[in-house]
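In structure tokens below, several structures.
Two complexes are shown next, each including chain A; its partner changes from chain B in the first to chain C in the second.
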Partner chain A sequence: MLRVTGLSGGYHGSAVLREISLEVEPGAVVAVLGRNGMGKTSLLKAVMGLLPWARGTIQVSGHEISSLPTHQRVRSGIGYVPQGRGIFPRATVEQNLRYGFVVAGRPMRSALPERVLELFPWIREHLRQPAGTLSGGEQQMLAIARALVADPPLLLLDEPTEGLAPAVVEHLHAAVGRIAGSGAHAILLVEQHLRFALTLATHGYVLERGAIVVSGSSEELQREDIVSRYLAV
Partner chain B sequence: MTEAVGARTLIGRSAARRIELVHWVVAAAVAVALWVVPLFASRFVTGQVARILVFGIAALGLDLIWGYTGQLSLGHAAFFGLGAYATGLVLVHLGNVPAAGLLAIVAGVAVPTTLAYLMARTLIHGNVTGAYFAIITLLVSLILEQLATTLIGITGGINGLYGMAPIRIGPWELWGLLPSYYTIVVCALVAYAIARRLVRSPIGRAMEGVRTNEQRTASLGYPTSSVRTIAFVVGAAITGLAGMLYVPLEQFVYPTQLGVLLSTSIIVWVAIGGRRSLVGPFIGAFVVSYGQSLLSDRLQQYWVLATGVFLVVVVLTQPRGLVGLVSTAVRRVRGHREER
Partner chain C sequence: MTTVLNGLTLAAVLSLVAIGLAVIFGLMRVINMAHGEMFILGSYTVVAAWEATGNVWLGIALAPFVVGAIGWAIERTMIRRLSGRLLDTLVATWGLSIVIREGLKVVFGAGSRNLPFPFTGDLTVLGTRYPLYRLFLIALAVVVMATVLWVFLRTDFGWKVSAVTQDREMAMAMGIDAGRIDAAVFALGAGLAGLAGAVMTPLITLNPEVGLFFLARSFLVVIVGGVGSLLGTAAGAGLIGMGQAALAASFRPVIAQIVLLVLAIVIIRLRPTGLFGRLQG
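Right after this comes the complex of A and B.
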């Protein structure tokens, strides 16, 4: 689904990603773990073409996308949910969802897809509400729902649990679990919340200072020595 | 239930239709009112109204770029002046060519539009946006003003262009107060309708997205550079149209029409009238021009100061200008009524 090879990148005059290679199989959930500032968000930005510079290869469904501008990368089948959710706070929930149609090249007045509304049943009740008035957890789910409107085979989630209360995290966990369970979307999940990520993902990579230092199955990554060395805060 | 949520759930379908109907009824009433102005008003007042409409069209162009897309253009008079000069130069130097009138009108819009496209192509697609872009528009306007002042043989230098042949297309002559007035009214409506169509289209939504958060909008699959380009080119074309219309009205083209003072005025009209409102630019142009003529007899030297203070107050307290102030008030009154 996604194959990244030798990806380096960064900001002007500095590298924050060093020779990263990783792979996500179709329908799989893969976690990217690591402490703050280790390059997790930058990795997703590099995949999306949002870093000032990057080199290496990025393949989505076999197509090389590393030379494409952001909006065309999205159209190759990526749903990107940036850190901080990236909803439009003044637009209504429905308008936010409709932005998702653009990627699919469908008219914005198309009917909202039933499969998305079924994943997040509460959305139906809030369609006319300004998205900025939703709770943090609802905003996060709205951002994911918007990405799913275009039915992308690959979903990139950047720290979805950031700033959410534990009860809300449980709710989100169930939602992401349902998305993964549908088998229609591969998910690359960037997280600091270990339990959240490793109970959803089958496989994971650990980033330290912009490079992958460990990779393995979720069970392996939960080993005491790995957690204390690379992940414990 | 496969298609659960229809397209028009934001507001009820009938309510949306009613608002749309009221909007066009009001627009038609304004058009009729403007149409009959010359029958009742003096030539002086008619000329003032025409000037305000031209300024309003010019500001409408900037509003699409600044208000809706969030990209300030500090030198927007460049497009106004270029429209005026393109029309004027055709009339002075090619006045005897057949179809000179048509050529003058077309050039008045096409030349500024072409410049805007070239600027957008090189700057926006080279990722020059924000403050840098604004400064470059300012430089372009300064360069054009400088050229208009120094190329005396072609442009008449600081004295400007005069001795233009009237714009004639067949039997129709677009020259002097009344023909200009009616043409300006029609063009104001057309420019308004085009701008309205644009901001309500998917491109308009993308413009809002670019203003709110460009990376986010790109991540949703919008070609944001193209969206910026479209907004900039359409905005410049509308402002160029205003410059073109100014020529038959004033029968005179001069370098300050390209320069900093007019650029600043256009920004002030948009800011005072209301960004992200298509009526705002016209209201801003009206309020500022009317205030100016009220105070100009005795307080000429204080006018600039008064505008400055007014601008600061409006921008600080009402980011969406006078239109924002009115619509907030209307919403409050409605809210009260519904509570009862």
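Right after this comes the complex of A and C.
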């Protein structure tokens, strides 16, 4: 589904990603773990073409996308939920969802897909509300719903639990679990919340200073020595 | 009554010029100092068409497209390379405005000229006889502004502009070609200013310097109306246009200018984000 090989990248004059290679199988959930500032968000940005510079190869469904601009990369089938959610605050909840049609080349006035509304039933009652007035958890779910409108085979989630209350995190966990369970979307999940990530993912990679230092199954990544060395805060 | 209609005429023209300035700033954080020259290029499109064919209408019809194409080219060749650098774009567009002004002097001469009205005649409106052409101008501006508002608020294109304005990276991540949106909006803004210049041609004593007057007034409109608000731009144009006409009817021009600027400063002091401005910048 997603195959990244030898990916380096960063900002002006500095590299924050070093020779990263990873793979996500169709329908699989793969976690990217690591402490703050280790390059997790930059990794997703590099896949999206939102870093000032990057080199290496990025293949989505067999298409090489690393030379394309961002708006064309997503057409290969990527749904992106950035850190901070990336909701358009002045647009309504409904409008935010409708932006999801752009990538599919469909008119924004198309009928909203039922599968998305069923995933988050509360959205139906809040369609006319300005998205900026939603709670953090609601904005997170809206961002995920919006990314799913075009039914992308690959979903990139950047720290979805950031800043959310434990009860909301549980709710989100169930929702991401349902998305993963449908088998229609592979998910690359960047998280600091270990239990959240490793109960959803089957595999994971650990980033330290922009490089992958450990990779393995979720069980392996929960070993005491790995957690204390690379992940414990 | 004549004063009100004069105010409406000015407001109509200002709204056409200011809307481009406002939308371009909101979308790209570019203060286009050459926007007055887009107006004047519209006027000279009419001059060129008139000198070639003797037809004023032809120039008015062509102006928005000619100037829109020029705006598109400016965005593609210059603005794009300076994106995100407010001061650099300010200086660059200011330089461009000088180039355009002096270029027009080379091509058309520095002297002033007056063009005939495409039609004459008066109409009695609410007990006042008023030139038909000015009424046409007001009606045209209302129709064009309504269309522009519809485009920005109700079409996919307008929604995409709004997305790029709110969060450029996320808009691109939703599959929106932000660069194309920039070029299209810059062309649209320039085209509207060009249309304003074209329809104003018979009403003004045209020379390459008059763009500055409309640029300065448009800045006032955008600031008073509230940066980044379409409705505010329309309201600001109404206020500045009416204010200017009312003051011009009662005072000498210089005094009227001073009073208008003082009023604008008072409004901004009382409402720093403008009449319709949003509190979060």
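By our rule, the second predicted complex is superposed on the first by the 233 of 233 C-alpha atoms of A that agree within 3 Å, B and C clash if a C-alpha of one lies under 4 Å from a C-alpha of the other, contacts with A are read in each partner's own complex, and residues count from 1 in each chain.
Heads up, the rule we're going with is that a contact is a pair of C-beta atoms (placed from the backbone, for glycine too) under 8 Å apart; a residue touches a chain by one contact, two chains touch by 3 or more.
Note that the coordinates shown come from a computational prediction; the quantities given were computed from them, not determined experimentally.
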item	value
Clash-or-fit label for the pair chain B, chain C on chain A	clash
Greater chain A contact set [chain C / chain B]	B
Which superposed partner A:Leu117 touches (first chain B, second chain C, both, neither)	first
Touched partner set for A:Tyr80, first chain B, second chain C, both or neither	both
Chain B versus chain C as contact partner of A:His63, first or second or both or neither	neither
Partner chain in contact with A:Tyr99 - chain B first, chain C second, else both or neither	both
Partner chain(s) touched by A:Leu50 [first = chain B, second = chain C, both, neither]	both
Touching partner for A:Arg128 - first (chain B), second (chain C), both, neither	first
On chain A, the residue positions that both chain B and chain C contact, one per complex	48, 50, 69-71, 74-75, 80, 82, 86, 88, 90-91, 95, 99-100, 102-104, 107-109, 146, 150
Contact footprint of chain A on chain B as seen in their complex	1-10, 202, 205-206, 208-209, 212-213, 215-225
Chain A to chain C touching residues, read off their complex	48, 50, 69-71, 74-75, 80, 82, 86, 88-91, 95, 98-100, 102-104, 107-109, 146, 150
Chain B-facing residues of chain A, complex	48, 50, 69-72, 74-75, 80, 82, 86, 88, 90-92, 94-95, 99-100, 102-104, 107-112, 114, 117, 124, 127-128, 146, 150
Contacting residues of chain C [partner chain A, same complex]	156, 159-160, 162-163, 166-167, 169-179
